[in-house]
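Please see the structure below; I have some questions.
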Amino acid sequence: MTFCEELREEASDIWDTWHEHPFVKGIGDGTLDKEKFQYWLRQDYVYLIDYARVFAFAAGKANELKVMQKFAELLDGVLNTEMQLHRSYAAKFGISDEELEGVEKSPTCQAYTDFLVRTASVGTLPEIIAALVPCFWGFLEIGERLAETGDTSENNPYRDWIEMYSSDEFEDLSEWSKELMNQMARDASESERERLKEVFVTSSRLELKFWDMSYEMEDWE
Amino acid sequence: MTFCEELREEASDIWDTWHEHPFVKGIGDGTLDKEKFQYWLRQDYVYLIDYARVFAFAAGKANELKVMQKFAELLDGVLNTEMQLHRSYAAKFGISDEELEGVEKSPTCQAYTDFLVRTASVGTLPEIIAALVPCFWGFLEIGERLAETGDTSENNPYRDWIEMYSSDEFEDLSEWSKELMNQMARDASESERERLKEVFVTSSRLELKFWDMSYEMEDWE
Amino acid sequence: MTFCEELREEASDIWDTWHEHPFVKGIGDGTLDKEKFQYWLRQDYVYLIDYARVFAFAAGKANELKVMQKFAELLDGVLNTEMQLHRSYAAKFGISDEELEGVEKSPTCQAYTDFLVRTASVGTLPEIIAALVPCFWGFLEIGERLAETGDTSENNPYRDWIEMYSSDEFEDLSEWSKELMNQMARDASESERERLKEVFVTSSRLELKFWDMSYEMEDWE
Amino acid sequence: MTFCEELREEASDIWDTWHEHPFVKGIGDGTLDKEKFQYWLRQDYVYLIDYARVFAFAAGKANELKVMQKFAELLDGVLNTEMQLHRSYAAKFGISDEELEGVEKSPTCQAYTDFLVRTASVGTLPEIIAALVPCFWGFLEIGERLAETGDTSENNPYRDWIEMYSSDEFEDLSEWSKELMNQMARDASESERERLKEVFVTSSRLELKFWDMSYEMEDWE
């Protein structure tokens, strides 16, 4: 069993709950309230900025040049390409650039990004990877399941979303992160692997809370 | 108006909500469920460890020797004195050291400490102070109000708590942090002061959520 | 007088010494020992890796999205494009990729990169910029002076070097960093501006020591 | 062979050179120029401030409470006790507090402290310990050898120095750091142990340069 398989098993209940989540199922069959999806788009936009910071700190800390290079590429990709795609996609759902610029993080978005950025800034590189894998692999697993079981016809207003997270590019990213995690775990002590599991589980839980937050359109009041 | 007065005004609604919170009022009149208080003690214990990290990063980043020295003293005080007091105090409420060592952070405790440690690790010293002031000043304000309006007789099982947070030592700490904040704000640009306000408000909101969490005995399920 | 002009004046003697340095003059007239230049190429290669880390931490810390984006672009550019150019250029001077991979930092390269990375990791964004400006602007000033006064014929084995550091692209980079510095200085207090000057002077001094190191082919013995 | 013994062997030549250094021997037999010792006292004072930062970052990063506590104690000890002792000691050699406050780091002091603080801020806890062990253990070894072979009569103006670095307290500190290093090395992979050796050797080299710097009364010109 690879270390990622161990991680996946450790967080199995949480990941199962994602797949059963009304937000995720609503994307799959196209019945999700547009308003809830717009809420997700806005929060995901501010999430992306801190997600980019995680790549930045990872690049700043990595010992291996190859790993630095990959994180540099990811960082540049998120900030200089994907955020523009995100803005275009949000525009299709009636959200303007100005609106995106003015988004305030919701409590759960704040919690999740603070966890990621704290881990990136204070933690070791293996811990950073353990925090990131659920973002990559988790979205891929959701994307792939929805691509199989969901409505991918033109009737589904969220079909592009499903397509993106089940794409080959996204799979490559997820695979790269898993291989890096497995490689790093081979060099880790037992106590370090325990910590990595905790980090993975915390990210997995915060992913779940992010779906809750979006479905309930959480705010600070 | 000092900068701290501006901050206090900015977060006025949130701070008012603290004072009206059933957890805080229950400490004041002694009616709070013991179980809820035990929950708070456990979470506060793990909170303290990360709170200490904030002092550590502040000491590591401060330019002025005097500020480094104060944070070094606070850090040593929390880890080598206060945590022991906390353990003794928790023991009076039937919580053993072993139980404290095994506490898992609740979602809100995780969120609040991640915000503090992220700010400490990534942010500037003024931002770190802005994140800390609500912890110092807020608890003092609560302590002082309860000392005036609450039940401070021996009938109140929480009278020691009220005494601690309305003590002269705690007031000195709060005053020190406010003076440091005011001094740093004098050197800050308008946009920096805006950021400091945001940090202060976020800490204030997370303080409120910490009371909610304790009252509801929140867990990850 | 802009803040950058103030900085330039503060470090005027140091910058003058660069221009008179035998290493720099030897590039200008083509008389520099090939062996000394090879030494510089090897040390500059390992320098670049840490230089990239500075961009990474800057991207991780910047508040403005525009600034994050620029540092992300620079980071990706250095690691995924310029290092390859550097390897090709080094190959022309008989240095293989394997040799580059195995370079050990000399004392001065260690000192300079540790200063930059420490500043990037512990300091504020304005401090990071103050540490970087001498690398950008200083090399541009050297490149431009040599383009005017040096030998830019095919007889000079270092003409490509002169061309690179006097190019429009390099000028744009230098201008961008100066504008960012000036903008940040406008928001800085007097004491903060003093710190920025110290950082700028330290980087300028370490640039000078880097020329000394290369001319003397310094090692740890 | 413990990991610390391996480290000691790796840096054996460098440590031998310390013991033969004219600055160290001059302390041993009391013949060192007072002016050179004063120079050392001034640079050691500014060194201590950054040395304290290393303890601060270590406390901020440690996972184990016991390790955090020890670093908190060390940090408080250095900043709130030892620096005062240092000032008193410097006063005996005619250096005023004002003079100490105004010291500018020499190039080597800058290099060494930047290496330590960079490692503390960017590195892992084992790397931080590997950077610190030569400061603790190295001074103890020097102190103990001089206590055996040097002039410890009242004729030696530096006898207090020898006494301090051969004291039981200092030995305890050195032992603690070595035990922590050995413990961390047991959990480290082969490649991580290689990195720890590099860090240890770099600190050892910079210790040596610190003696050179003091003997030559180095400045930036």
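Just so it is clear, A, B, C and D label the chains in written order, and each chain counts residues from 1 on its own.
Heads up, the rule we're going with is that a contact is a pair of C-beta atoms (placed from the backbone, for glycine too) under 8 Å apart; a residue touches a chain by one contact, two chains touch by 3 or more.
Just so you know, these numbers come straight off a predicted model, no measurement behind them.
Asker: Considering C-D alongside A-C, which chain pair is linked by more C-beta pairs in contact?
Answerer: Of the two interfaces, A-C and C-D, more C-beta pairs touch across A-C.
Asker: Which chain has its C-alpha centroid farthest away from the centroid of subunit D?
Answerer: Chain centre farthest from subunit D's centre: A.
Asker: Express in whole angstrom the distance between the two chain centres, defined as the mean CA positions of subunit A and subunit C.
Answerer: Going by mean C-alpha positions, subunit A sits 36 Å from subunit C.
Asker: Between subunit B and subunit C, tell me the centre distance in angstrom, where each centre is the average of that chain's C-alpha atoms.
Answerer: It comes to 44 Å between the two C-alpha centres.
Asker: Per the centroid of Cα atoms for each chain, what is the distance between subunit C and subunit D, given in Å?
Answerer: Roughly 31 Å separates the two chain centres.
Asker: Two or more other chains touching the same residue: where does that happen in subunit C?
Answerer: 53, 60, 121-122
Asker: Taking the touch rule as given, give the residues of subunit C at its contact with subunit D in the complex, in rising order.
Answerer: The contact residues of subunit C facing subunit D are 53, 107, 110-111, 114-115, 117-118, 121-122, 202, 205, 209, 220.
Asker: Under the touch definition given earlier, write down the residues of subunit C that touch subunit B in their complex.
Answerer: 60-61, 63, 122, 124, 186-189, 191-192, 195
Asker: Hey, which residues of subunit A end up touching subunit C in the complex?
Answerer: 49, 52-53, 56-57, 59-60, 65, 68-69, 71-73, 75-76, 78-80, 83, 120-121
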